[in-house]
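Following: one structure in structure tokens, then a few remarks.
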Amino acid sequence: MRKTKDLLSNIFTYLFSSFGIIILFSILIFIFRNGLSSLSWKLITSDYYETTYTLKTAGKEEGTFTCPTLTADEYFSYRYGVVLKDSTNLVGEEVVEITYIAEDSPFLSLINTSSEEIVSLECGFNISKIVMSNDIGDYIYALGRGGASNMASTMDTSNIITDMVASEGGGGIRGSLISTLYLILLTLIISLPIGVLAAIYLNEYAPKKRFIEIIRGMIDMVAGIPSIIFGLVGAIIFIPFCNNTIGSSGGSIASGALTMSLILLPTIIKTTEEALKVIPKGYRDASLALGASKTQTINKVILPNAIPGILTAVLLSIGRIIGESAALIYAVGVAIKDTIKINEKSTTLAVHIWSLMSGENPNIATSCAISIIILLVVFTLNVIVKLISKKLNKMEVK
Amino acid sequence: TNNTTGANITVYTRDTTSGTRDGFFTKIGFSEAKEDNSYLVEGYVEVDGNGSMIAAIKNDEYGIGYISLSTLSSSGLKGLTYEGIEPTEANVLNGTYGLTRNFNYCVRSEFTDNKVEAIVDAFEAFLTTSDAKTTMIEKGGIVSVTSLDPTWDSIKANYPICNEDNSSVTIKFGGSTSVESMAKALSAEFSAKCGNFVAEHNHKGSGDAYKSTQGSEKDGANYLDIAFLSREFNESETPAQGTYGKMCIDAIVVVVNNSNSLDSITAEQIKSIYDGTITKWSEISN
Amino acid sequence: MNNVFSVKNVDLFYGEKHVLKNVSFDIPEKQVTAFIGPSGCGKSTLLRCFNRMNDLIPSCNIKGEIHFHDRSVQEINPIELRTRVGMVFQNPNPFPMSIFDNVAYGPRCQGMKNKKEINDLVVDSLKKASLYEEVKDRLKDNALGLSGGQQQRLCIARCIAMKPEVILMDEPTSALDPIATLKIEELINVLKEEYTIVIVTHNMQQASRISDYTAFFMLGEVIEFSSTISLFKNPKNKKTEDYITGRFG
Amino acid sequence: MNNVFSVKNVDLFYGEKHVLKNVSFDIPEKQVTAFIGPSGCGKSTLLRCFNRMNDLIPSCNIKGEIHFHDRSVQEINPIELRTRVGMVFQNPNPFPMSIFDNVAYGPRCQGMKNKKEINDLVVDSLKKASLYEEVKDRLKDNALGLSGGQQQRLCIARCIAMKPEVILMDEPTSALDPIATLKIEELINVLKEEYTIVIVTHNMQQASRISDYTAFFMLGEVIEFSSTISLFKNPKNKKTEDYITGRFG
Amino acid sequence: MFIDSEINNVNGLIKKMSSLVQSNIRQAIGLYLSKGDNEDTTINDEIVNQYEKLIDEVCIDILIKERPYSKDLREIFAVIKMVDDLERIGDHAEDIKNFSLKLRGTLEERNPEIDIMLDKALKMIDDAIESFVTMDKALAVKTIKADDEIDAMYDKIIESLTNYPIKSHTAQNFVIYTTLIVKYIERIADHATNIAEWTVYIVAGIFKDEIQD
Amino acid sequence: MFIDSEINNVNGLIKKMSSLVQSNIRQAIGLYLSKGDNEDTTINDEIVNQYEKLIDEVCIDILIKERPYSKDLREIFAVIKMVDDLERIGDHAEDIKNFSLKLRGTLEERNPEIDIMLDKALKMIDDAIESFVTMDKALAVKTIKADDEIDAMYDKIIESLTNYPIKSHTAQNFVIYTTLIVKYIERIADHATNIAEWTVYIVAGIFKDEIQD
Amino acid sequence: MEQLLSGAKLATNSAIKRKTTLDKAVHGVLFVITLLCASIIVFIVLFIVIKGSSPFLKNYSIGGNLYKVNLWTFLVGSEWYVYPAKYGVGFIIVDTFYVVFLSLLIAVPISVLTALFISRIAPKVIGKALSYVIELLASIPSIIYGLFGRAKITEGVKWVSSLFGYQSAGGISAMSTVIVLAIMILPTITLLSLTAINAVRDDIIKGSLALGASPTQTNFKLVLRGAKSGIFSGIILGVGRALGEATAVSMVAGNSGSGPSFNLFDTTRTLTSTMLLGLNETSGLDYDIRFSVGIILILMILLTNLLLTLLKRSIGK
């Protein structure tokens, strides 16, 4: 009787928990399967916007170069001595990439159309178009989307390149990574002191009165508001506020940080309060009984012991900031940027994903790669915070 | 492997702010549904982007929808012949393929900054050059480049601003998301040709184009200097003379799942499908 | 014999609850006075009146007079009072900092800065609390690493470092094992040379063992206050007798 | 006199740590046997061997034989063993449910379903634990609302409801005040009519008061095991003498 | 209450021991009064000694187990003391018996005061024990007072014995033995006084020298 | 250790009391031996009684404060008992003094056995106290054994006294007082035995009837 | 007397006064800060209400026509069409509740049992690793869940619906929404349940085992029971997250224009997806009406929280 019941219960537990665990792992697997191939150091360090060069040749070139050994997808331009290859860039678009430039190739001495300076291309550059005009003034052009083969053969027609666009890099998330860090920093600078101080008030000073219960309830309510609402609030309050105060136009990291601060305050207050609650009452009594003032007690005894808890709050906050998209889409915007300023728009990694996914050509691979980066960041933070708080947790004796 | 017989048709549509949707319903003669879902067949699915559309129909062998021609080749979907005409660039250019729309642009009519104004002027001119047009083509636009088109080299003298260093000037681009990648390519190229001004792109949809340059939001937080539309201006959008223009054409393709045996469709059929007159695949014969 | 505290007709309420009822007696100087009585009879409450720790309980309301020497405690700033009237709690509660810092905490809070002075004070206090020998090699270690009994002696050292006149102890050994308890009892025996000690204890044997005077509380009243031996040998009051002979309840 | 448990040459290790060293003695039936000794000497550990609660500690490793009647405890299914050998812990640990459910918990776990039967059993157990009168009007109330002493008696009732032969108690009164302690002691005195009781206590007076036999432990060894009075009056071993006369440390 | 039952137990033992001692002393005195005629006494001091040991042990057990305070402690303490007195009374009963036996057949003239003293001593024992059993302080005090009379009589009797006309060896024996018997009676009264004093101690917590009234 | 110092304190008191008692008994015996010549004794039984009371009180205090177990308890218990014996010895010293005074000037022939008995009794007291002070079980046992000799001598002396030729009133007084003195000495030896027995109890935890060599 | 002096020397009068004043000042500052934190909710509600109530108060011109939304039809409406300004949120409320309820039905037992498994059954190392993984999953951006849902879950749902002979829109359906939501709240509920289960006092568990209860009985009868308040907190948080989740939901819900529909394989619409869909590009009435939906959403969340908290309290007794 008991045995069958136990057995049944156990079967249920194993079934459900393995179900849950499988689901959770399948998400991880999904992310890694799709994202791992796109994950590279380059993705993290490069700009989102490629550096674009508009170029032309110095004059008519007639050189014939000898073809190196080519692999599949590679094509050689005899006239210009470059090997072109069909490849994909970081964002997953098909591009034509230069994989070889012969010595003396004219591509090593092209002229920048605007500055008239000499530019030399390098392997790894992408060529997005080449425009030539023939003798009768018609345009002959080869485009990246036409493929390397087409471009190479077009180049080998005997015309002068009048307009050529080559680019380097692009598709990276450096900007978003930095702006994520900025946002985290700014948000914490705003919300952490306020949250911690409020928690101290609630836990250390607040009388046990209805009024305080109401205040607590109100703070709890904030925790229940979905982030999309905060997004709206950010859009109608903080964006104008920042525009008027720090000269931003439209959403900015600052307005995002203010919005995130609102979102995080309840979490920080709650977590800090939990940490404060764990501190034995004995410490407070002991300190006061030693003639310390309340302020001294808080400074010297309460706060140092709440640090692990506050760190947890920080961790939770960072996790939340990193994962948040709905609120930031409205409170900051979705424009990916490479140079990050606090009073300008930019995207966090999550919004970066959102941006990638909402375009005409959604890019799951890069999105998942960014997710992996997010996971790694969160994981590292987790580990660091746990290590630090273990180190700082004075109430635990090593 | 056509096993669609007898199955219901799932209708996919873009949301009402989409320029693609606008062009599609206008061209198939179902303008009522342009902005009003209530005309659509019961059980339609509204998706929020081209990518979602592709993903949805890829996953639904009974689905039908519409996407931009430029994304067809990479989408893995089957593009249907429309009124007997193959959806190709050539057919669009020669005017036989009817399901098309224009990519338009619109710039501010009033500027506070002279430099910005000068650069925007130059950009408008740049859009008429072969330089720009080849770039549009590279990004999927359909436009013919003829010897009549000037090169930027040939006209840049008219725009002395481009000889200056503009790296401290920010130009705000925005509007249609369909045009976004094209716009980015154009701005990147033009920036290189015009003193390296900073191009800031914030594309949220065609609806922004007029609104954020000359309309209600033109002085709002998200104002734009140059904006794009993937549709025509509607009655309420009345840009000032000389502040807007057509850039190129984009074709819309009716798409079905690759497993669907259907190859072609007529405007009439599409309308019937979208308004619910036809609900089963079996009712459409090739 | 001088009295350090003199309690006169004290009534104490927690909200509506009448917790101390017309309590009057004196705490003699440099003697150990023990408070005994059943749980909830108000022993700790009265003890907390002596250093105004009851101020921290908002619902607490005191009537009557408690004098510390010649001043009413209500007129003495609590911070001053608490520097002069130290307290040791039931559960050893050293701060989670080094042993040294624990002892230096109070003086530092009072603004003592001079390193040497602090150092001497710490060593001296630890010696007085008979802890110095056991911890002298690890003054920088976390105080929580000490055993329960050592922790409690540290708390006493911490208290002594304030150079108080009185040390209040609220069941200081109830969380300790018999060996540690014995050490604390011995310490109290030594400390009473220098300090006035008031101790709350559940343990009648402890009261009889270490105290010179004993106050027996019941339901908020002081039933009997007299010299410890006479209270245990020959209590005046039947209630006291019943309690100490285990004939309660 | 019959023996309920018989401990033969038991050595116990927690990992590398040798916690019980060659312990041998018998626990007589329907008597109170007390374990005393300094903290950490292994009293609780041996107690936990009797109902195999040590099984829950992975690093625990037992050598030697402990017999429950004629079977080695290692051969008895722990669930069966624990229904026959009840345990009461140091801190009262009633389950966070109603008083009734607390007592009914064990029998229900054994599959008892009949409402009436359960009801009778609960009432009976509460009566035996001398708690019934105090709680009969609020059997449906949460057990956590009881006072510490009542909670501990509830835990005893909960244990009795299993109709065990033996009740193991690990410092059952160390968290209680003197009055509650006295009640439990009286209860133990009554219970020994029906049950074999093994009790760990820090309190020598308690051991001397309620137990018939006392085992004195030190550093994992049983230094002396004999009748309580003779152990306290005239211990055989110098270590025992030193411990009970407070001459340790 | 454990301690109540323990103390009851002790009191019970004391009572039993007392009545045994009382019976012994009565028999011994009876023997003396009957001039040694009544030979078959059942005086058994061994049992009294056993009681003494038992009560001592029980008191130690109580000290170990109950750790008494206040009245309980005083009671145990007094019992520990008192049991010695009882035992000594028992001893003296045996002594009186022995000397009474030696006086058997003597026709010497007995001092009638001795009979009175014997009566008084018996009364004192009874009163002392009664006062303990009933915890009657007044009776105890009265008993203590009574000892003065005994002492006075003792002096007088010894005086009279020194004046007793010794005409024969028997007379000499008679004087010596009677002296000892009287001495024992005086001791018995002393012990009875002690018992009464301990009773006062239990009840009032004061030692003998503090007893007024 | 509190209890150590407390017990030391008690032991100290016992020692002081003992030496007082020893000095008293020595003086009393000296008085007897000097045939009452040496009149200025400093025997003060009152101080002995004060000691008894003090030690009783201290023991009770220890029972209250220290709650002794094991040897400590036995020691306190034994002290409580023993102090009575000491006090009684003190009493008897006074008694002996008084009767010795009464024997002053008597020229009756003293039984030399009495002197030996006195010596032995003194030795017993000294030994008993010494055994307690040094917790020397062997000495205590020896002391206990010695009591048998005293008892034997006592019987013999009483016997001889009954045969003492009474020729005068003085002789009669002499016989009676000597009887009492001898009786006291016998009692003193008994009390010394008791002290030794309690010493054995403290050391070995066994009562007197369990003492085998 | 010397003692007295030295005690007093440590605490000079002026220093004590300074301390006391500082204490008061700190108290005041902290109080103001706390009030500020509490007032956030007021600001949020205030702004949303101001903005969200204007569709019912003000006329908007659309295509030359003036529109104003009727509050009643808004509340009970069964259609949501941007043009011609047919805004009925009633069916969306029903659909939202339906979807959230079902997702809880799935997520709660799974999370609770997973937490139980991690805390009490799995070997320590594995349990620790798993709880790490779950913590990580809690911080994955929701759009990734949306992606996963659109890529994998819809496929599964499509397959299941075809088993039932029902043709779903490529799996885009209420069912997918339910599953995506369930997965999203899984880490939240699991983590909180885990905390609650871990917090069940060890001595109670030992007490149960010592009574001869089997480990399984202990887990189910005692541990889960003891942790129920914490589990409930987890559920409350989960409900909040489910109700408030926007990005992922709008990717798999299908955003049907009318309803309510209880068919799991039909498309559905939630309040958040309604707010999110096309929000970027709209203005005027269509923009403001989303704030009205926001009011509804806030109300719903606050109400459910309130209800659940009350329920928790009554169960917790």
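Each chain carries a letter (A, B, C, D, E, F and G) given by its place in the written order, and its residues are counted from 1.
The rule is short, and it goes like this: a residue touches a chain if its C-beta (ideal position, glycine included) is under 8 Å from a C-beta of that chain, and two chains touch if they have at least 3 such contacts.
These numbers come from a predicted model, not from an experiment.
Q: Have a look at A-G versus C-F and report the one with more C-beta pairs in contact.
A: A-G
Q: By mean C-alpha coordinates, which chain is most distant from subunit E?
A: B
Q: Relative to subunit F, which chain's C-alpha centre is the most remote?
A: Between subunit F and the rest, the longest centre separation is with B.
Q: Averaging over Cα atoms per chain, report the distance between subunit E and subunit G in Å.
A: Computed from C-alpha means, the inter-chain centre distance equals 91 Å.
Q: Where the centres are mean C-alpha positions, what is the separation of subunit E from subunit F, in Å?
A: Comparing mean C-alpha positions, subunit F is 21 Å from subunit E.
Q: Please report how many Å separate the Cα centroid of subunit C from that of subunit D, as a whole number.
A: It comes to 35 Å between the two C-alpha centres.
Q: Just how far, in Å, is the C-alpha centre of subunit F from the one of subunit D?
A: 52
Q: Send over the residues of subunit C in touch with two or more other chains.
A: 79-80, 83, 106, 110, 162, 204-205, 208, 232-233, 246
Q: Could you check subunit F for residues that touch two or more other chains and list them?
A: 60, 64, 67, 69, 73-74
Q: Which positions in subunit G touch two or more other chains at once?
A: 10-11, 19-20, 151, 214, 217, 280
Q: Looking at the complex, which residues from subunit D come into contact with subunit C?
A: Counting only subunit D, the residues touching subunit C are 38-39, 177-180, 182-183, 202-205, 246, 248-249.
Q: Write out the stretch or stretches of subunit C touching subunit G in their complex.
A: Residues of subunit C touching subunit G: 69, 77, 79-80, 83-84, 106-107, 110-112, 162-165, 194.
Q: Can you list the residues on subunit A that touch subunit D in the complex?
A: Contacts found on subunit A: 1-2.
Q: Applying the document's contact rule, which stretches of subunit A touch subunit G when the two form their complex?
A: Going through subunit A, the ones touching subunit G are 2, 5-6, 9-10, 12-14, 16-17, 19-21, 23-28, 30-31, 194-195, 197-198, 200-202, 205-206, 214-216, 218-219, 221-230, 232-233, 236-237, 262, 265-266, 269, 291, 293-296, 298, 319-320, 322-326, 329-330, 334, 349-350, 353-354, 357, 364, 367-368, 371, 374-375, 378-379, 382.
Q: In their shared complex, at which residues does subunit F touch subunit E?
A: Against subunit E, subunit F makes touches at 49, 53, 56-57, 59-60, 63-64, 67, 69, 73-74, 77, 80-81, 84, 158, 161-164, 166, 169, 172-173, 175-176, 179-180, 183, 207, 209.
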